[in-house]
Amino acid sequence: MYELLRSVLLDPFAIMNSVGLVAFALVGAAKAIREEFDLFGITVVGLVTAFVGGATRDVLVGRIPLALSSMGEITLGMVGVSLAVALHLVLESPDDHPITVVSDAIGLAAFTTAGAIVAVETGVSSFGVVAIATINAVGGGAFADILLDRSPFILVTDFYASCAVLGGTTYWLLAVAFGAGSVAAALCAAVTVGTRLYAVRFGLHLPTAQSVGAAVDGRFGNGSK
Amino acid sequence: MYELLRSVLLDPFAIMNSVGLVAFALVGAAKAIREEFDLFGITVVGLVTAFVGGATRDVLVGRIPLALSSMGEITLGMVGVSLAVALHLVLESPDDHPITVVSDAIGLAAFTTAGAIVAVETGVSSFGVVAIATINAVGGGAFADILLDRSPFILVTDFYASCAVLGGTTYWLLAVAFGAGSVAAALCAAVTVGTRLYAVRFGLHLPTAQSVGAAVDGRFGNGSK
Amino acid sequence: MYELLRSVLLDPFAIMNSVGLVAFALVGAAKAIREEFDLFGITVVGLVTAFVGGATRDVLVGRIPLALSSMGEITLGMVGVSLAVALHLVLESPDDHPITVVSDAIGLAAFTTAGAIVAVETGVSSFGVVAIATINAVGGGAFADILLDRSPFILVTDFYASCAVLGGTTYWLLAVAFGAGSVAAALCAAVTVGTRLYAVRFGLHLPTAQSVGAAVDGRFGNGSK
């Protein structure tokens, strides 16, 4: 037990993966509670949100998903689901509560880092590292949205997936410059959670093609009229 | 031919997989007929419903999907699609007909068992066995629903996926206690089809977090008011 | 550089895959521009449309997706996205423009051929070749539609996926009869793009089960009335 705990604390992947599993299972289950699903449905949405991103990562790099082979993953997932049910018994609407919003940002950062670590180990391209980090971070929530028949596109448009892209890029740059490890992992997580919480607080938006078109028209188009 | 038939009859996976393919292709095609799709669309929905669960199972355990390498799978799938078209020519609305409802329960049970057999052979965790059995059973119908832009969540909330979870758990318990084999397969299928038909007949529901909250309030909350 | 170009020009898979990546990234990005997504969202929809079909093909045949390991894929994808943004600055609505419609037909044909080539190399069944060719061709667009919460079923009902099925069947027949190679690839692409453009021009439809039922009634049912 002590050995296990020690190996987890010294392994950046294990730390990030564990944090992400609890945080995203909580977020997914809270979403299902708001939809008034039964306890089985709450558990399924919680576990899907926690597991699908990592399982997709593992399938893409040619491994059997960790969630299917390790009992640690399902244990941490059930902890997250139980926390969401407990929060519901204490709070009014856990889905909108700051605890859930912060959990979501933490889960996003933790899974971005876990995905980037696995991708760099596997030896994919720089784009592959950023893509796998982002899929690991966003895949579970997107799949849960698809199951719930909601457009997962809010994840792309709402400065959410872009935080994972920034974090994954950070990890890749640091891994190339100084080597993969705890420092790269900590900075990747910090960039992701920082940009996400900043975006939630200040409502960041990226330019659209329409606004680029308007800017181009404004600069070059006026003279000819 | 005789050898082939004999080997199928002695192989629980082959029996369950064959039954599931015909049953789910029929169910999927019947759904597409009700939506007035063309014959190509009917075939695609039938085959997707029959193949996607098993293909996902195979990808998760690191194998090339059986449906892509064996001609037996597509033959059985086309039998199911043809049965659905034949039923449509005879019956009014094959989608709601008891034949389709019973086929669906049989397909659910057969694919739960096929998934549990493969998962135990692969050597995943106990949760992995239940998860793969459930994905094998529910994956095809859920993916067909996503293609048809319907929420597949009815599969989770309507005591449907829970039958596969019960069946998969049964198989895992029996495999641990007495070893995997025909008896475990038969009991897994019986539990799944039995609970599913019971749920259809009597409209079973599971408790929601709201009802748990109400029960907790009722027991502990009243005294303080 | 010269060597690289030469090896691409002599490799049917590399040609078809490159053409498909640019064409589908353009089509996907044009769709996202019409929905007024931000530049990040446009890039994601473009890359998803370009990459998901081939990535699914690679996962199904047990390989790490090319898009994650080769920088060529992301470069070509970004070329397609940039073309879509450039078209938007020049044209009114690039999504409905003939350039986009023709790009889509070319991408469909190129990816059908790329999928058929990989499937024949892998040694799957005849159905496997047609299925993988079709998934390679249609998977990206279907996944983008799911992300955008639109039913991807138009791809099946609108004589779109059926063109990929015809092309894949052509490649398989030619590969069996004369061996896989540039001629089979060229004819596969020609059949797919030809049937698709013909279908767009003349609005082709396939019969439904209802019309088959009506035809059967008309032939056999009238006498008894």
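For clarity, chains are labelled A, B and C in written order, and residue numbers in each chain start from 1.
One rule holds for everything that comes next: a residue touches a chain if its C-beta (ideal position, glycine included) is under 8 Å from a C-beta of that chain, and two chains touch if they have at least 3 such contacts.
What you see is a predicted model, and the numbers here were worked out from it, not measured in a lab.
Participant: As a multiple of 5 degrees, what angle does the CA superposition of subunit B onto its copy subunit C give?
Facilitator: Nearest-5 rotation angle for the superposition: 120 degrees.
Participant: Compare the two sides of the subunit A and subunit C interface and say whether they are made mostly of the same residue numbers, over half shared, or of different ones.
Facilitator: Homomeric contact, different residues on each side for the most part.
Participant: From the mean C-alpha coordinate of subunit A to that of subunit C, what's the distance rounded to whole Å?
Facilitator: 30
Participant: Please set out, as single numbers or ranges, the residues of subunit B touching at least two other chains.
Facilitator: Counting only residues that touch two or more other chains, subunit B contributes 59, 62, 146, 149.
Participant: Along subunit C, where are the residues that touch subunit B in the complex?
Facilitator: Interface residues on the subunit C side: 59-62, 119, 122, 124-128, 131-132, 142, 146, 149-153, 156-157, 161-162, 165, 205-210, 212-213, 216.
Participant: Once bound in the complex, which stretches of subunit A touch subunit B?
Facilitator: 33, 36-42, 44-45, 55, 59, 62-65, 67-71, 73-74, 85, 88-89, 146-149
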